[in-house]
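Okay, got some structures for you below.
Each of the next two complexes has subunit A plus one more chain, namely subunit B in the first and subunit C in the second.
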Partner chain A sequence: MQTTIESRSRTVVIGDGAPFCVIGERINPTGRKAFQAQLQAGDLSQLEIDVAEQVAGGADVLDVNVGDPLADEIELMRAAVPMVQGLTDLPLCIDSSIIEALEAGLGAYEGKALVNSVTGEDERLNLILPIVARHGAAVIGLANDDEIPMEPERRLEVARKIVSVAGDHGIPPQDVVIDPLAMPVGAEPRAVTLFLETVRLIRDNLGVNMTCGASNTSFGLPGRHALGAAFLAVSQSHGLTSAIMDARARECVESVRATDFLLGQDEWGARWIAAHRAKLAAQAAQAATS
Partner chain B sequence: MTTDEILQGLFDNTLIGNAPAVKDLTNEGLAMGMDPETLLYDALIPSLEEVGARFERGDFFVPEMLIAARAMQGALDILRPLLAETGAKPIGTFVMGTVKGDVHDIGKNLVNIMLEGAGFTVYDLGVNVAPEKFVEQVQEHEPDIVGFSAFLTTTMPMFKANINALEKSGLRDRVIVMVGGAPVTQEYADAVGADGYAADASTAVRLAKALIENRRSAAAPA
Partner chain C sequence: MQTTIESRSRTVVIGDGAPFCVIGERINPTGRKAFQAQLQAGDLSQLEIDVAEQVAGGADVLDVNVGDPLADEIELMRAAVPMVQGLTDLPLCIDSSIIEALEAGLGAYEGKALVNSVTGEDERLNLILPIVARHGAAVIGLANDDEIPMEPERRLEVARKIVSVAGDHGIPPQDVVIDPLAMPVGAEPRAVTLFLETVRLIRDNLGVNMTCGASNTSFGLPGRHALGAAFLAVSQSHGLTSAIMDARARECVESVRATDFLLGQDEWGARWIAAHRAKLAAQAAQAATS
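Right, the complex of A and B next:
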């Protein structure tokens, strides 16, 4: 199954032989006090840096979250989406828990966006899916309802429900990307094994594409990038087809591209080798100017 | 083993999260006739405070904090009934939960353990708690304090929704509201009309005690 997301001029495919889709997570004020203050002042200039760094890091899609409770998130989203689209031709993932902000973002977006996100709760499904359908977007479905099930089978059931209700709203399964819920392994030793089992179950039973907040896994731990790289590789081998992740973390992005190659999604390593050449060229260019 | 060795052993083993040793030492101390309060206040709480300080400094990581808290929890399970027997009244009652739309609970759980260690009775409502649920539980338990936790900038607005729900049910004046979580600031706590905000678990406990004391002395007849 293939999920496509589009900007004006670029189409990104998730799943079915396509390279793993790296969704850059950086445009998000969580844990960024300075960025929060800028958002409260209506200042979006930080996005120029965030976009450039993630594009350079190798992101395929960029997540846009400008949620701050002391800022006007709806107006910020309305302004941020065209601004980011002016800075890059990567497709975007519109990220908010506020319905009006999702609508504002989708209204301002040119192309087919990914919406982050809906849960399996009836109230959220009924609020968000009509908007997704109206804009012809794709949507991320979190495999939890009012609680996070700690059994993979129950997460599968929530995922199944989301795909089914999305269908009722005219959203086909290929436009539903399930998040099997990556949780901090530092707080729950079984977090990742549960996750992997859930990924496998969803792949075998629903066949839909999957993404996750990969950075959650390493929360509160040292060596986050090394943990992230290992988590991504092992998840990819179980059937994960995308991740919302730190596209500025070279270790993580390289792990994903290496795993693409190892799992036969980068025939003859053409992209792996091209990336190597691009890196050499960039180094040479930098040496020449310094 | 001397009483000092028991206290030192409790401190050291809580620090490294050795739950079986903490449980054994607690039982051993009690068998030697040591006071439950001594074990709690001279070893367990100082140890967990040290864990918190190391975490703040970046010397300790989340799993170390959690296993230390779990080790202390094991000791508390033994000590709680004894502390109740000695007639030590709970310092206060706390209803606690992560707000609706948010499922992060690591910080909240740590605050709960610190509160219990300090002598509070804590009713933990878990994660993704709707305003109606907070109202219902405040009605049922009549706590001194209700605590709202949020980890995401996008779920912080639920503080206000919860406070509004308490107001609508006529409960707002009967309970102290504390808020916390990674993105929360004093400024935001003030903006939503909370009574207290703390940046970490130890501060939360100190503030909770102070807020209860203020309220009780304000309520006492002059």
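Right, the complex of A and C next:
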């Protein structure tokens, strides 16, 4: 099954043999005090740096989250979306827990966006899905409702419900991207094995595309990029087709592209080899100017 | 199913929840002209460096191959095995295509060795398995006979035959480690997907442990360590329990240890966190002396 996300001029395909979709997660004030202060002052200038870094790192889609409890998130989203679209032709993922901010972002967006996110709670489904449908967007569905189930079968049931209710709102399964919930392995040793079991269940039973917040897995641990790289490769090989991740983490992006090649989603390694040549050329250029 | 390999003082367990077994592959003259010349002159001094590097890199078992067509491999193996056992307490994998060299190595070895390797060809099985049985060793069985089958089902059949004939010679399944055959993905785009399918078939049908020459996958390609790291993580998550690999490749060893943690074979990350602390301590010591 293929999910397509579009900007004005670019279409990104998720799933069904396409390369893994890297959704750059950096445009988000969580844990960034300076950026929070800027947002509170209505200053979006940091986005220029963040967009440039995510694009340079190889992101396929950019997540845009400008949520801060002390800022006017709705106005910020309305301004951020066209600003980011002026900086890059990558499609965007409009990310907010505030429904009016999602609506403002979708209203300002040119193309077919991805919406981050809805849960399996009736109230959220009934508020968010009509907006997604009205804008012809795709949506990320988190495999939890009012609680976060640990059992893969329960997560599958929540995912099934989201796909079903989305259908009731006229959103086809290919426009629902399920998040099977990556959790910190430092807090729960079974976090990844349960995650992988959930991925396989959703792949085999629903066949929809999947994404997750990949960095959650390594939360609080040393060697986060090595853990993230291994987590992404493994998850991709069991059916994950996308991840929300910081494209500045070279080791993680390389792991995803290597796994594309290994799994036949980059036949003969054309992208892999081209990326290697570009890296060598950049190093040579840097050496020549220094 | 657990395979145990032993030196005089150390037991390494492969499989059944144990951490992935890294078999250090560096002690091998393939592609090393200087080492080849030394072996031809009967000089084994290079082993001191190679053993130290593999141990420092985190190998669990060391592969010992001193084969060179212009050297007396049998005498070299007879000398190399006690020399390596004097340098490390890691168990060894005695590696040769010459049956008399395997026999010389096993005769000189103290402990329970792993023998690398036998194929599914009747002649090789009937020559090598009696030696393995007599020495109470374990053996790597390559999933090919006189040809290298591409179809996972055919590789499974060869593996099944090896396990069966080993049983006829009194070698139990837990002492047979099957190599599902890692092949260059640069030459055959399906190499890894077929490999993974073979791994799953062998895991589900035979339940024996598995190893492979991991670096084969990235042969001839740029970015070999990143490809190797992703290949190892993915393969481990589908059932591979060991690999013959160069432990000097930090990225690859880290990927294996990260995957141990992610898959619950390093609960709470005790080994992962201890390795990180050791690395920080080593960096601090280096900074203090420089």
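The criterion applied here is as follows: the second predicted complex is superposed on the first by the 290 of 290 C-alpha atoms of A that agree within 3 Å, B and C clash if a C-alpha of one lies under 4 Å from a C-alpha of the other, contacts with A are read in each partner's own complex, and residues count from 1 in each chain.
In this text, a residue touches a chain if its C-beta (ideal position, glycine included) is under 8 Å from a C-beta of that chain, and two chains touch if they have at least 3 such contacts.
Quantities reported herein were computed from a predicted structural model and do not represent experimental measurements.
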Superposition on subunit A - do subunit B and subunit C clash or fit: fit
Contacts of A:N116 with subunit B and subunit C, given as first, second, both or neither: neither
Subunit B versus subunit C as contact partner of A:Q36, first or second or both or neither: first
C-alpha centroid angle, subunit C to subunit B via subunit A, nearest 10°: 90
Partner chain in contact with A:G186 - subunit B first, subunit C second, else both or neither: both
Partner chain(s) touched by A:L221 [first = subunit B, second = subunit C, both, neither]: both
Which superposed partner A:T241 touches (first subunit B, second subunit C, both, neither): neither
Contacts of A:T198 with subunit B and subunit C, given as first, second, both or neither: neither
Subunit B versus subunit C as contact partner of A:N209, first or second or both or neither: neither
Touched partner set for A:Q54, first subunit B, second subunit C, both or neither: neither
Least Cα gap, in Å, left between subunit B and subunit C after the two complexes are fitted on chain A: 6
Subunit B and subunit C footprints on subunit A, overlapping residues: 186, 221-222
Touching residues (chain side subunit C, partner subunit A) in the complex: 185-186, 189-190, 192-193, 196, 217, 221-223, 226-227, 229-231, 233-234, 236-238, 251, 254-255, 258-259, 261-264, 267-269, 272-273, 276-277
Residues on subunit A engaged by subunit B in the complex (per definition of touch): 29-31, 36, 65, 67-70, 96-98, 144, 146-148, 184, 186-187, 219-222
Sites on subunit B touched by subunit A in the complex: 61-63, 65-66, 101, 103, 106, 126-128, 151-157, 182-183, 187-188, 191
